[in-house]
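After the structure tokens below, expect a handful of questions from me.
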């Protein structure tokens, strides 16, 4: 046989599960998009079409919905851990499960006499509005022994309207760019951080709190860094997380440089004093890098932040 | 000539203008997507290709950016009024201008020692994050005499996790749906409301305040209505705005019914007590209607809320 | 009651029905996206939530799939006619039905010993690939007496790499554009044409042939027009259809001017002799117009080509 | 320093270059989307913000457009090779360049007296329509010594309306799926194949011909395989390419199982004899695998086909 099978995996992608938890009149939402990928002894289904080792993707879908009832959804990470453990431990031919989850955030609709922060006795407690464009993401992988949990977010659009410069760069025969001493710095943050929790023996992180804190530190670093390059800002965002959260060892970013070009208003007799910008679509700069705790081996794949 | 020209318009669409206003160290953003459509004596350019009456779309683009400097951007509506007036009054062949604007909201990034609501002396005042998925929209039309301003929003996703029923409907030979006495009601609100300000003689509304109030009343009505049909909820949302805001005479909604189907867990020996839902993509119900102040003539086009 | 209900409609949108017809071993596909909108005596469901007059959107969905079996899908238009007639004639409260259909084209996969045009006895006759990005669209409306059929297409991307000029336009203080004597003309055609078939008494057009011919004439006019403005090209495309197809009385276009800017290569010591272009995203020119058979009343709504 | 920098790269993404080549009156188009990613001695720009080693992304953009003039665009692969070689060999701090290219296909508009295949003397030779939804992709990587070229395509939607079964699979407590003996098999092919050309010493493949042939063999295998599982079909598609094209050593697929569910028409007294299907959006099965020439080391990253 001149060709052979290499890495392979299968499962049901994009299971959209919404879980409502009723605490008296107060409802809580978890809104997830769950994708399952399983691998193991799967040569036969590729070579001959025999499905004898194949748990159908329809079953993996059913399991996602059943587990939302059986285990609840405490956090995306914890839910993924339940699922991954189940597939690997209950199906002999399956040696590895990778669960990817996107989580969409909702906030309470503030009502006439109150607001979303302090819901009183007379308030509507079951009404929600989708919050933000950003999506929380998580990938949980289990091989029967070790866990890998990589979490993060994507589509978090941020902008500094000043405190950004760009100069002192290499100039070759194709360089026409003028140096900038006060520019807009804007990006759509895509970040993935890896937890150093890898075994059931270890104390498990508080996934919800860890996410909130990592996100907060990252935003503070973006806002507080006086930036000479987007790379410098990226590094500050990453090292702030590593330094603040001991449960996180590695983080990778993919940051488009969302160009805001100062419009030339001189032909109209006007001076543009860093006021009016054209927000361009394409092309855009794209800055990608990993920031690591010193001494740690990097494991987040290079392209993962672009998925 | 067996064929003739009918309604026609032209202009530059999707001019992405970002305006930064510096109030000392505190910066303010207006982030707009402006589309210009002009009409008038344009037969020749269609019949013969003569551009003698045509102000290039490139010029309409330049005007958008120049006006951001010359007039500032107090509100999307006020900015559109400046632009529409300019094109109609400065170009003899142009008899009518329609300016469409999308506005993207940003909020300040809360920093280490403070938060976004109360920015203190030591805070970062130039850092922002994109707020929400919803887009504020406005359409300003001027024919040299009368104004029509239609504002609203789209992509505001909301959900009630209870207080929604659906029963007592017509049943024919193709009906299989079971009645529901406690269901999720979820939609992506697309709304357009028309102001009764039509002339420079009238007192102009406070566009920013009016938008905030209309949005708030609409959300309250959504949350507070015990719903027997999405149509009923729609009507409550519309009438709440008309009754609360005297400057608004008409509102039209396009509300997809974002189905959340209760998953059948019985095959797995589990009871689904309104807990686990499958969020479906397509098909979806689509409910569209206009709500009017009594005695007023409707003017918002039927399809406008789907643009 | 200070507020009243205006125009309203409801139904199930985006029913994705695929119909396979087996002619011996040779299979045929119709792949449609069908949206139903019904209107009539629907005040109660808005005012009180009573669904006594409401045929559920779920039933309209079931009807779409059942009709694919009962009537087959000869053409999108004929299928919509079956559906519209059914809803209006079988449900007393429903006075008007509007069926919108998108159709996706497939072509046969050419196989080893043959090709898609001439399928021989030994060929695979059940394998298909999606053809093109363009989508055929149709809207069928029925009020119990009269029919209105508006068909067309969207997302048909075309380009002329020469034979396009743009000069002789109005210049004001915001004009900076240079005249062009040889430019790329590119657009994504969105077109809707209205048939003059309005009654069951009339001879019904051959919908499939009419679509193919209208599309062909439109493309020829695009290719063969030496263009002084996109408006001129648009008018030629429209009048070519009206003049060639007696069953069509009106056509409306929405044509973005997909700008291809000649890149300035002089800083690199290179001459750009209409060779290297930057394909821009936004902003874009947007040209919209109706072309009519002389003496006919226009009925295609202004915004319909942008849906 | 407790944190360090890991893998990093930067460049300008999505440069939309269109190249027109005039062969007398006959024009030819190449329409590319080019993304540049460079890496090397870039620690300083991350740690201190010094741009002393940074060739601006604006310059990489300029280079793309200049090279379209200087070298022409013979094929996406050849164009990427020119670019990658340039960046690595002309900039000392840059040790590795990765060029990603998407190519959009155009076909000639057939005109009145002829057709696209045989353009005669009187034909329009400068008019084109975008062909298909599929996108040809290529990634060229160079480190100063070795080349890696990975090419392929995405968004090629195909369907077999019969000759697909699915049965004999594992059943656990969450399995409800019924076995299928005649189902639709549909997918959007995303494929990446790796060439064994790695050095300037080797004879370079004919990139255009190799692409056409690999695509053709893949489609034939899809059409001609009687399928017991999508995995089996995938393996046949991959091995057909490896066996037919000696210049290709490895191929990876990501194949969504685009579910077409047979609609239950029994409630309406109708029999659905594999005729009427509901085309579902989400969730979908997702099958991913690598097929290799025996003895070859796999190098295509697991997630690359999902980009």
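Letters are used for the chains, namely A, B, C and D, taken in the order the chains are written, and counting of residues starts over at 1 for each.
To be clear about the criterion, a residue touches a chain if its C-beta (ideal position, glycine included) is under 8 Å from a C-beta of that chain, and two chains touch if they have at least 3 such contacts.
By chain, UniProt protein names: A, B, C, D = Uricase.
Because the structure is predicted, anything quoted here is derived from the model rather than measured.
**Q** With contacts counted as defined, which of the two, A-C or A-B, has more C-beta pairs across the interface?
**A** Between the chain pairs A-C and A-B, A-B carries more contacts.
**Q** Just going by residue numbers, which of B-D, A-D or C-D has an interface where over half the contact pairs are the same as at B-C?
**A** More than half of its contact pairs match B-C, so it is A-D.
**Q** Round to the nearest whole Å and give the separation of the Cα centres of chain A (Uricase) and chain B (Uricase).
**A** Whole-Å distance between the two chain centres: 29.
**Q** Averaging only over C-alpha atoms, locate the centres of chain A (Uricase) and chain C (Uricase) and give their separation in whole Å.
**A** That gives a centre separation of 38 Å.
**Q** What's the distance between the Cα centroids of chain A (Uricase) and chain D (Uricase), rounded to whole Å?
**A** So the centroids are 25 Å from each other.
**Q** Multi-chain contacts in chain B (Uricase): which residues touch at least two other chains?
**A** 16, 62, 66, 174, 176, 267-268, 281-282
**Q** Enumerate the contact residues on chain C (Uricase) facing chain B (Uricase) in the complex.
**A** 1-16, 35, 37, 42, 45-59, 61-63, 66, 90-91, 93, 166-172, 174-177, 227-229, 231-232, 234-235, 238-239, 242-243, 250, 252, 256-257, 282-294, 298, 301-304, 306-307
**Q** So in the complex, which bits of chain C (Uricase) are touching chain A (Uricase)?
**A** Touch residues, chain C (Uricase) against chain A (Uricase): 173-174, 176, 267-268, 281-282.
**Q** Give every residue of chain A (Uricase) touching chain B (Uricase) within the complex, in rising order.
**A** Chain A (Uricase) residues touching chain B (Uricase): 16-22, 27, 29, 31, 62, 65-66, 68-70, 106, 109-112, 124, 126-133, 156-163, 184, 219-220, 222-224, 260, 263, 265, 267-268, 270, 272, 274-281.
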